[in-house]
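Everything on this sheet refers to the single structure shown next.
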């Protein structure tokens, strides 16, 4: 009923409106959420990454475009010109000469050392990031443009670590001058865009940093506007108020495509996983957990909730792992009969299982929760959805019989991150010593074959213990105006550097 | 000016009750360290934080400290950002005021004339029409209104921005959304109050003196009819600030309301406490002004007070 | 009235009978309602009926999902009769959800209003009947409550206690108590000053008899009116809270929660939002119309 | 102190062998009128400033005064509907002041009040039958058929048919309502009635009916009555003895006829002369009173009437004039009196 | 007395009705009378007789939307006020015809000083600046016997007593020296001593200015005190008209007689000769003579025929079929 009218109006109002709200050289990005703090080692969540990526640069960067799908895993130089392994424990990085921070300070090895030292300082406020760097013994600065990163144990992933958003280089002098709090509010980096202003719950305004080592960034002004509501984001996109919006759900793809001005671009991102709290008698029985896993019809979920675009994985793996990926492993199975048996064997007596989920945090998170709960109910599990607004509460030590939905760590294309971090840092999994032991060993093994076989054992253990499960790998959808050339990258990275962003060019 | 003094003392007492209730309620609602500290923090660390926050001391001591802190302007730090809650709130307050004050102004500028026009010709088609409109304005929740406005003016007509701040067009929809209920209640009250006054004996006497209807209504009736309206305008300050919470969410408006919604979601009690206190203080102060205004409008009120 | 003028020996039975006549006469008021009001009253009765019978009327359970038929349009927009009002993002039947949502909303609002009437009524009664000092204290409390806007109060309460239907009922109920308290107090003061109260005291009526036989009946009308008028604001408050995501939690649903869920589908499936919205507006409009009319009726009775 | 000496009065009332039904001595009532910030009163209004009076069985005592004179408060204090600040009230030998709340309630069946406003004094949610029968219910005097018959009897007594029992007050005229009010007061069989301006809200033609009814009731039931009114002609018609009140004090007390013919107090004289007069002959010389009633919060010293009195002298402000006899059973409080 | 040219105001066959939820109610049913300059006409009636409605109708001050004049004329200096424009009425109100009401307590706007409220009527009708109008207001206050008028100008109504307020109302009403003053029970709410003052004041001013006064009241005594001529109303109709002396001494209409007999001061014996029954409800008036159900002299025809207002000699008019037979003089001696 609304549609014909809308199109009539649309035709009339279009030319006028799009001129009114968008200026060609500026880009406004409509975000579901914009965090008001900008320390790249603090805001490492998916809402912080796009900002860190615009303001800061890392030594090494992942070439996401390499595979043409935005999920590429090749490592390319960024602030580093080159790097090499000096020995099993040492990585030497040569810095790019002449790169500067936004305030004009040259970027030198002391800034790099400071970047990591500040995180590793046990008294610092970087508690959430520290574990990622715990293998770093020290950072040495033989000269202004050389940095040596010395690890405690051999580390196969240390180069990858340097692409991590938390590894963004911060200016030592400025940081020390203003301190932690002020830096978080007025950050200075060496990335393509420099910070201008932040209005809480409204927008963050950045402007091009002309001295950026890759050349002048393509947008004069880059604004991240917070529009929590998806409908409002789409409206703003349709209205020409923003050029790109994030967190589009699959359901809304047709709505954007029928606007006529915009299209939906996607990239595979990380996987949505379930976490079971094993520290209670019901969940402690692995047969119960295996039963839960087998009762989930992932293909149905993908088809129904993701238009089939969510990918059911061959176990807990990513193709980007390269040599470490085992395409032979079977996909997660759906077998409600077997599930029923396992549940029965576990001695489950109908205790209530709380599926605790945030209503908004994960795309389709709540929908999937409700769908999964009803699948469990079908095999006789008394499950219930509990919506909890507070993401941070997800890991308090309440010993409830509960399931939580999370996503895995897929920031780096390496099983040490995707599997081990996911199931040791935020998991509700008790008694995973064997699993951890295998993981620790794999993390310090430089030999690729041996690592491969270790991770196969890790996966076996994971599937058997079933501390949770992987639902599927999900795509990220962005609504983008037709005239904007831009490709989204995996893991929420939004790249507006030269080469990935242009207005009015080509398309 | 004992009248003003009297009102101020009453206001202070009211505020003290709010402070006490807020303090008691937050202290009764469990251990905030569970909300502040990250996952699986050992009990020792919690103990330390509890000590830092002063939660391990007797309740009375906490209360006294809390009050003396308030007296010094120390309303505590956010559990999350760690910043002074006053600072955070004051940063966001202008955006809310930018929304609430125009709405209030709009409500007065539109509500008063509508109510007056309706009251001058009671039960006429004009009156019925206007009252039906205000009725709808009162019955439709503002979040529904906001959404309808966005769909109509932003998505369909593409005339106005759908949310956020910036140029003046950004103000139109949220201010309208927030103001409509107030327009409705002010105009309805103006009408009934004016009708009431128009039935008074002195209005008949004024008419018997030969004064034209304009003078009868504007000079004689309206000034008296304004007393209850003024009281309601005072109450609207609270309603608007409360309504702004929802409207800010609908229009992604970066005001204090959303800060408080976030504080609710994060159980950021110091923030929430201060928000409630600040809003209560605003409303209470607004009401003192309203009372003083009533006193200026009607000499009897002051006489009664002193 | 003159019909039963000749009452002779069977007085008491006839008195009882004529009292019934009297109440029928009151019912006449309702038969003389303007068409709009009658429509409102019928709407309210229908909605209540539908809410009560929801489990019987609903073609599906409120949580029954069919993920393969998600986001179906209602029949009038080309959907299938299997889901007359279409389905939501989880393939749940909108009609069934609507019925249960209506039920939840009406139950929460009704119980909330009852909580408000009882707490506010008692506070107002105590304040109005007690001495000046207690009255002052009560009024300070009421002032304090009135100084915190409803939405904020409810948000703060949810933050402190978490959200559950019971908490919601208490919140929406107590958050309105100041209004009842004020009205009851002023009404008690009015009634207290009426001569018939003094007359009853003069006859030797005990304070309890005065309170229950003379003061309380006088509170029924204004309380009914106020409760009716506040009912819609309670519905709105509950909806707003659920809309903000701090009210009724999934898989339970209320009209506001339905609207909140539908918010993301405004553009692609506007019906999902329009249907609960229509019902929210329908309830608030019908109830307010009725409340307005009752108030007019009551005012007229007082003034004549 | 303005004390009407009861023994003196009783002595002169030689024709009355009975003891007084009601005996009031030095009744006082103050109301706090202003409150400070903490609610403490800062000023008091002396509504009744030392009133003494007696009512004998079957006697109608008129109490006349202008608005603000304290006559209504006096009536309420007599029945302890308002608690007096000082003084004593003896009813049929019982000290009313000494009664507990419960005893007082039981005692109320013996003394009743008829109110001024027939619209406000009947609970509009009750039937006439229930209104009239309320006293029966309260005191458990009658139930069921007995109660019903008693209600009918009472209704007939006040000139209403039993068919009124099922009607509601709003269907009745003012006069009919006042009859209901009277029936209500009579229900428990009182010995004493306070009639507080019972006819002032009624039309002239109805007023006459009610006055006749009250006289009938007195004759039939031999009740004593304090008839409060601002209307001199009404009081004069109905009362046996008249008390004139001014600013909380009784300034003159006399048998009705005597008062009208030989009013002794300047205030009574002024009041009489001010009343509009329908009749033959020359209108009396009107005594013009100056100004308004002084505020009872801050009454004049000495004689309370001196500020408006045409014959006031300097001495009037010195002392409060005592009640002095000016004729048989006739007393007045004025220092300028000469007994006639 | 029959010289009609002389009259300053003539009301002819005035009909006024009120619209209620139960349909129109006829409050005034064909009332005619006239007032001459310098004359005080008493309009006497009980509640529901329509006496106040007549006053409001004359100045067209009926509650808007509810009351309306449904017939007749109100001639003021030859001009029909029923058909005059609203603008013309405003010129007349307060300047040529003033009206005061019973409710002295509420007749003044509480939020303006009394000076302002007197001055505004002067400024409305005369070209005077504020200062001059205030000066006139002070003079008016002095005229109505307000002590210390200069200071009183700045006071608010709530600071005055009831009597003083009614004086202010009179001062405002008389500020433009109207030719006719309509007083609608202006002393009813006042104490007798104050009432006496106000009655004296009105008589005094009338004596000085020669204005006509229409005095609406329910109080026979007040009529006796102040009116030269009086009209008795019953159920929206004039039932008797005469000069005050003869009306009171020799009432012709049984209703008037009944009223006089109801006065306690004329009680014969220890009972009053009360009129039975109550004033009829204007919504359902009895047929024929509206008074017949209460009339002790009523004959069968009284219930059928509405009597005309007939001349009864000496400029008197009576509305009674049988007034010839029942005429009797009242004994107005006061009971001893």
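Letters are used for the chains, namely A, B, C, D and E, taken in the order the chains are written, and counting of residues starts over at 1 for each.
Please note the rule applied: contacts are C-beta pairs under 8 Å (C-beta built on N, C-alpha and C of every residue); 3 or more make two chains touch, one makes a residue touch a chain.
Composition by chain, UniProt nomenclature: B = ABC transporter permease; C = Peptide ABC transporter permease; D = Peptide ABC transporter ATP-binding protein; E = Dipeptide ABC transporter ATP-binding protein DppD.
As the structure is a prediction and not an experimental result, all values here were calculated from the model.
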Intersection of the contact lists for chain A and chain C: B
Farthest chain (mean CA position) relative to chain E: A
Inter-chain centre distance, chain A versus chain B - centres from mean C-alpha coordinates, in Å: 40
Centre-of-Cα separation between chain E and chain A, whole angstrom: 91
For chain B paired with chain C, centre-to-centre distance based on mean C-alpha positions, whole Å: 24
Distance from the mean Cα position of chain E to that of chain B, given in whole angstrom: 52
Sequence positions of chain B contacting 2 or more other chains: 151, 155, 249, 264-265, 267
Interface hub residues of chain A, defined as touching at least two other chains: 2, 229, 231, 235, 389
Numbers and ranges of chain D residues touching at least 2 other chains: none
Touch list for chain C against partner chain B, complex: 140-141, 143-144, 146-153, 155-156, 158-161, 232, 236, 239-240, 243-244, 246, 259, 263, 266-267, 270, 273, 277, 280-281, 284-285, 288-289, 292
Residues on chain E engaged by chain D in the complex (per definition of touch): 46-47, 147, 161-164, 191-197, 199-200, 218-225, 248-249, 258-267, 270-276, 278-279, 294, 332-336
Touching residues (chain side chain B, partner chain A) in the complex: 34-35, 38-40, 81-83, 88, 91-92, 95, 150-151, 154-159, 161-165, 249-255, 258-259, 262, 264-267
Contacting residues of chain A [partner chain C, same complex]: 1-2, 229-231, 234-235, 249, 251-252, 254-255, 300-301, 303-305, 359-360, 366-367, 370-371, 373-374, 384-387, 389
Of all residues in chain B, those that touch chain E in their complex: 122-123, 199-202, 204-212, 215, 220, 223-224, 297-300, 303
